[in-house]
Amino acid sequence: MSTRFTPRIEEILSYYRGQNPGSLTNLARLLTHGRLGGTGRLVILPVDQGFEHGPARSFAPNPPSYDPRYHVQLAIDAGCNAYAAPLGFIEAIAADYAGQIPLILKLNNHDVLQDEKDPLGARSGSVQDALRLGCSAIGYTIYPGTADRRLQYTEFADLCAEAKSVGLAVVLWAYPRGGGLSKEGETGLDVTAYSAQIAAQLGAHIIKVKLPSAHLEQAAAAKIYESTSIPRDTLTERVSHVIQSAFNGRRIVIFSGGALNTDRDALLDEARAIYAGGGFGSIMGRNVFQRPRDEALALLNDVMSILEGK
Amino acid sequence: MSTRFTPRIEEILSYYRGQNPGSLTNLARLLTHGRLGGTGRLVILPVDQGFEHGPARSFAPNPPSYDPRYHVQLAIDAGCNAYAAPLGFIEAIAADYAGQIPLILKLNNHDVLQDEKDPLGARSGSVQDALRLGCSAIGYTIYPGTADRRLQYTEFADLCAEAKSVGLAVVLWAYPRGGGLSKEGETGLDVTAYSAQIAAQLGAHIIKVKLPSAHLEQAAAAKIYESTSIPRDTLTERVSHVIQSAFNGRRIVIFSGGALNTDRDALLDEARAIYAGGGFGSIMGRNVFQRPRDEALALLNDVMSILEGK
Amino acid sequence: MSTRFTPRIEEILSYYRGQNPGSLTNLARLLTHGRLGGTGRLVILPVDQGFEHGPARSFAPNPPSYDPRYHVQLAIDAGCNAYAAPLGFIEAIAADYAGQIPLILKLNNHDVLQDEKDPLGARSGSVQDALRLGCSAIGYTIYPGTADRRLQYTEFADLCAEAKSVGLAVVLWAYPRGGGLSKEGETGLDVTAYSAQIAAQLGAHIIKVKLPSAHLEQAAAAKIYESTSIPRDTLTERVSHVIQSAFNGRRIVIFSGGALNTDRDALLDEARAIYAGGGFGSIMGRNVFQRPRDEALALLNDVMSILEGK
Amino acid sequence: MSTRFTPRIEEILSYYRGQNPGSLTNLARLLTHGRLGGTGRLVILPVDQGFEHGPARSFAPNPPSYDPRYHVQLAIDAGCNAYAAPLGFIEAIAADYAGQIPLILKLNNHDVLQDEKDPLGARSGSVQDALRLGCSAIGYTIYPGTADRRLQYTEFADLCAEAKSVGLAVVLWAYPRGGGLSKEGETGLDVTAYSAQIAAQLGAHIIKVKLPSAHLEQAAAAKIYESTSIPRDTLTERVSHVIQSAFNGRRIVIFSGGALNTDRDALLDEARAIYAGGGFGSIMGRNVFQRPRDEALALLNDVMSILEGK
Amino acid sequence: MSTRFTPRIEEILSYYRGQNPGSLTNLARLLTHGRLGGTGRLVILPVDQGFEHGPARSFAPNPPSYDPRYHVQLAIDAGCNAYAAPLGFIEAIAADYAGQIPLILKLNNHDVLQDEKDPLGARSGSVQDALRLGCSAIGYTIYPGTADRRLQYTEFADLCAEAKSVGLAVVLWAYPRGGGLSKEGETGLDVTAYSAQIAAQLGAHIIKVKLPSAHLEQAAAAKIYESTSIPRDTLTERVSHVIQSAFNGRRIVIFSGGALNTDRDALLDEARAIYAGGGFGSIMGRNVFQRPRDEALALLNDVMSILEGK
């Protein structure tokens, strides 16, 4: 038997044994592309903020980023593992950049044109779109905690099964939201770990969560965290707990950077915690594309160095 | 005609006469696998608490249980009849454990990230998933008493019919919930028996309910229980009434153990009541996998001895 | 042309001219089976109370009736035209009793685990289930007057069309319910006649309503009943008006017996009124199976004698 | 090229150029059948009141009308262009009257068993039903102004497209209803004209509205009616405006008679206004079938004479 | 390689590289038809006001416009690039005007017969309708900001994908509406730019928005507009920002004229701003067809001259 991949990649792929060879192939593409290819770590550039927050809030700080070509080129030049975006941004570049970097088509999106206690995104693309555009994976966002989350879970379940049946990889963003959670609770450690578990149980290949705070939101969970003394003082410990919560490290979990405009040193500290805690990588959007291109490339370079263990 | 099975298994299978041979085959697999195989009794290990309660509340008391392989290995080593879990946990082990133990794919799940008076689970898998993963059965949970239960009943009806048409067995969890029931009423004898009846009428092959208390919830029912003097003082009597309520013993009904952290002696007493009352077995989750592995194996060993009539 | 059937059966079948021969065949089976076969009258045994009211309220008064075989055997021994039940009860006997009596699969059901002002049943089976189980007809219940009745009417319309396309007969239970009706109004003559009309317009072959009281519920209707002097003092007159309201006698309308525990003489009086008013028969559930078997057989014997005109 | 039809029929058919020949054929059948055949005017007998208002309110004033055969025979004897009814009434006569008069299957219906501010009908039949029953057209009712009218518009859009694809004609009843309209507004000229326009834009071949009053309901519309001096004092003027509002006379618009129990002279005056205003005809239900048959035939005779221009 | 088109058309088509040749063909038809053909600018005549506002408010100011032929003839005579209308208006002219001008079938519509805080249109046609009627494109309207906008986004996503798969072009009207927006906010610059971004991300080929005011609606956006000094004092600057917000000029964005009854000089000033700001053109409805035909032709002539850069 040939051994094309590094031992770490072989190990990660072994977690997904039983999946279609097509999905394994696309997972391998994501894991072996770019500067971190083969390390088992990933840095993905996602750009859906134009839809999620509006164009000016997203792109005005760095006007070249209004152009859809800007982002995919940045992802390529920085050596990212993949580039993720909604249908419009992917369609705008898929032909010209065909084959240059793995693409992830975000299949649902949400805008902020109305305040909502229990938001729900809108499906805005399809698995068929991902195939025709040459993507390696679909992406989807769930809001664990929102009132009608069952609609999202079921929609995702169906898209996930369809994607797997045609050999795509599946990336799931899990962002706790909704009437039952406090603002602080949305990034609380218990809620973040719970969301990672839900995402894993829903069958996602790759899970994206936010970096968790030490806050505990749910009384029933807090009791266990206290009684079993789960360490949560450092970000590294919290990353480690989230990784544990997603099948004990047997699912790829990546973390989004901190809040917008987090300063560079803080971002690098976060990357160090992701690395040390066993996180599989980082998915950085606004903190990258809102910086001038040179600064963005430098930041991504440093993040990748950290994730390479240097 | 060959007689491969024990008389009790032949009898149980006769209750399902007219079903597809494929479904009978998978029912036979569940009934003949493991240490209790052939006795007509079952012990099933279900692990959906990661989704239902969160990972820390489920696995932190026994950290090896964060790993999806832990549970299926435990089920195999204990000699359980089957292992039941949501999509993620099954996908994580299906290839490596193919053919070692009958698998039950839970097709819907519910989290507790928002308090809900009338909860509804989310369909998170499909009959097609069960087939591709080599499962013997699908599982589904209804909440008799929740406001929109008709959505669940109809979704189950369709999944059940589809599963039967492709030769799978069908397991239905019936957990009374919802705005019309008091907390005590959720395990009341009348409500438990009613839920078992609903599950049987919906066409489930195997029905899972909680062990009932002597409480009677509904006035109209209580009147009959009193006037017809249905015995309900002992747990054995109550198990017996639930079995009677599910087609007079002609449907397989299994019972979940008591509340979390029930002590070992209490659990064994419950097993004795299940046995004596004619229950078909036990489905034990948290009370098993949250114990250290040795204790869990010992507990399951003792439960199985009781169910063997020893 | 051969004349296999009695003139009355030929006449009744002529009301359905233009329907598929398959549906006519199954209608003929219902009309020619059992002791009343050929008279144009029917007595059907329906047993869905386990689902609708719970097992103890239904079966505890006569414990052998917990067993699904009890009912179909009772229907056969009494010489009923057909036996109707939900999926679980039919599946439990279909193979063993194949071909012994026409079966009607009730395709939707409702439980009483939550009080509801505007109830809606759940579809719990399919036309395909009816076919695979060898049934002659599907059954369905509408609640004319419930807020979302349009969901029921449309679901029934689709099931009815599908059943007709595969040659089944279609039985529709019309039980007025919902926020716009008083308790008394649910069995008022105007509302009962209106429900029979709706059922006929929806395309049902056989319509089941409750025996109406002399109460008039809706002011606009009451005005007409008064101005046109529709007789309604006796039950016979009221039966006659309901028959008239269902296409002037050109649709089969059968009536359920009175309230639970109606005494035997009252039940026989009701049968006399059904006969005299031109009703097509009786559908008796609880008043039959909650009696000891001998009493039940005797009661059905007497009802059938009345419907034979003896 | 052969000229089978009168110039007026040729002209009307030219308005539908581009439609499937099947639909044109059925439109031609409606326009050329009966006493008014070839004049470009129509009188249609619709009988859905049994469902919409209940049997006693509909048929008790003229008891023979409880029989479904009564109506189609009346329509034939009077020389109507077509007969329209819900599924039950059509199924009850389709075989015996096959080919004797064009049939219109009403595909949705609504009962009055609950008061509703924003009513919605229920789809109670299908295009496939219309085909198997030999109908020339489907009928559907929208309630412009009801809160969820978009559900109706979209359901109609799909049924309309399906009907056209199989060569049926499409008749749309447009009855303004709902929380945003006053009782008076439901027949106001602006609202009636608006409803006719909506029906035409939705693609209906034939549009049925009520005769409008001079009332103007919507302030924004009233301003234009005043500023552009749209004549609306006489019924003729109002009919003319509605015809103009439905593609300037290039869609067939027919009008229902006045309120129930309108006296004969008033009905004939209405027919004169329809004729003079360029209306395509009249659709008369209760005012016809609630009269004794002789009176009904006489009334229809007189209406048709008026619509013939005599 | 042949170069059939002008360099500007080649450039615009290059933005859509990767789309089906069928869709590119129809985009090219829209861009090369009429007087502005080849300039990269478009003027489209849309007439859906009969449905959206009612016939009198739309057509009474210029009565010949009640006739569906009026509009398509006007669009042809004025040299417009395309004519857009709902199903009824397109069906009424598609056969007689086949091939004379590109047609856009509006697939959803909304009436104003009930005041709604959070409106939703109704799908009133299909992609299949567009094909059978010889259209070059489908049109659809979203209301960014309305509560259930996710239903619209997903419906559009599916129609858009279907249209692309059969080689049609896709035009998306983005009209901010709903409970979260003030009246002024519906045309605010931030909200307009956001809507254009959403439309682009949803995959529309051509986007239609209203001309924006200088108002900023959302606090989070306003902060960025201020901090990054986005120019917005002149209409030209605002048009330019919207174009930038739709993929930096790489999606065709056209603008509707100002409010109804805007005077001629103001309309021409708006056209100048569209031209100067890099807008792709203008979509003018009421301001055209409510003028007498000669005035309308003169106005369109002047607008086109401006968009030609004369």
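Letters A, B, C, D and E name the chains as they come in the text, with residue numbers starting at 1 for each one.
Just so it is clear, contacts are C-beta pairs under 8 Å (C-beta built on N, C-alpha and C of every residue); 3 or more make two chains touch, one makes a residue touch a chain.
Just so you know, these numbers come straight off a predicted model, no measurement behind them.
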item	value
Interchain contact steps from chain B to chain D (minimum; 1 if touching)	2
Chain labels contacting chain B and also chain C	none
Rigid-body rotation angle, chain E and chain C, from Cα fit (steps of 5°)	145
Centroid distance [mean C-alpha coordinates] between chain D and chain A, Å	57
CA centroid of chain A to CA centroid of chain B, Å	35
Junction residues of chain C, two or more chains touched	none
In the complex with chain E, residue positions of chain D that touch it	15, 17-19, 144-147, 149-154, 157-158, 161, 176, 178-181, 190-191, 193-194, 196-198, 200-204, 218, 220-221, 224-225, 228, 230, 241, 244-245, 247-248, 250-251
Chain C-facing residues of chain D, complex	48, 50-51, 53-57, 59-61, 63, 66-68, 86-89, 91-92, 94-96, 98, 109-115, 120-126, 128-129, 133
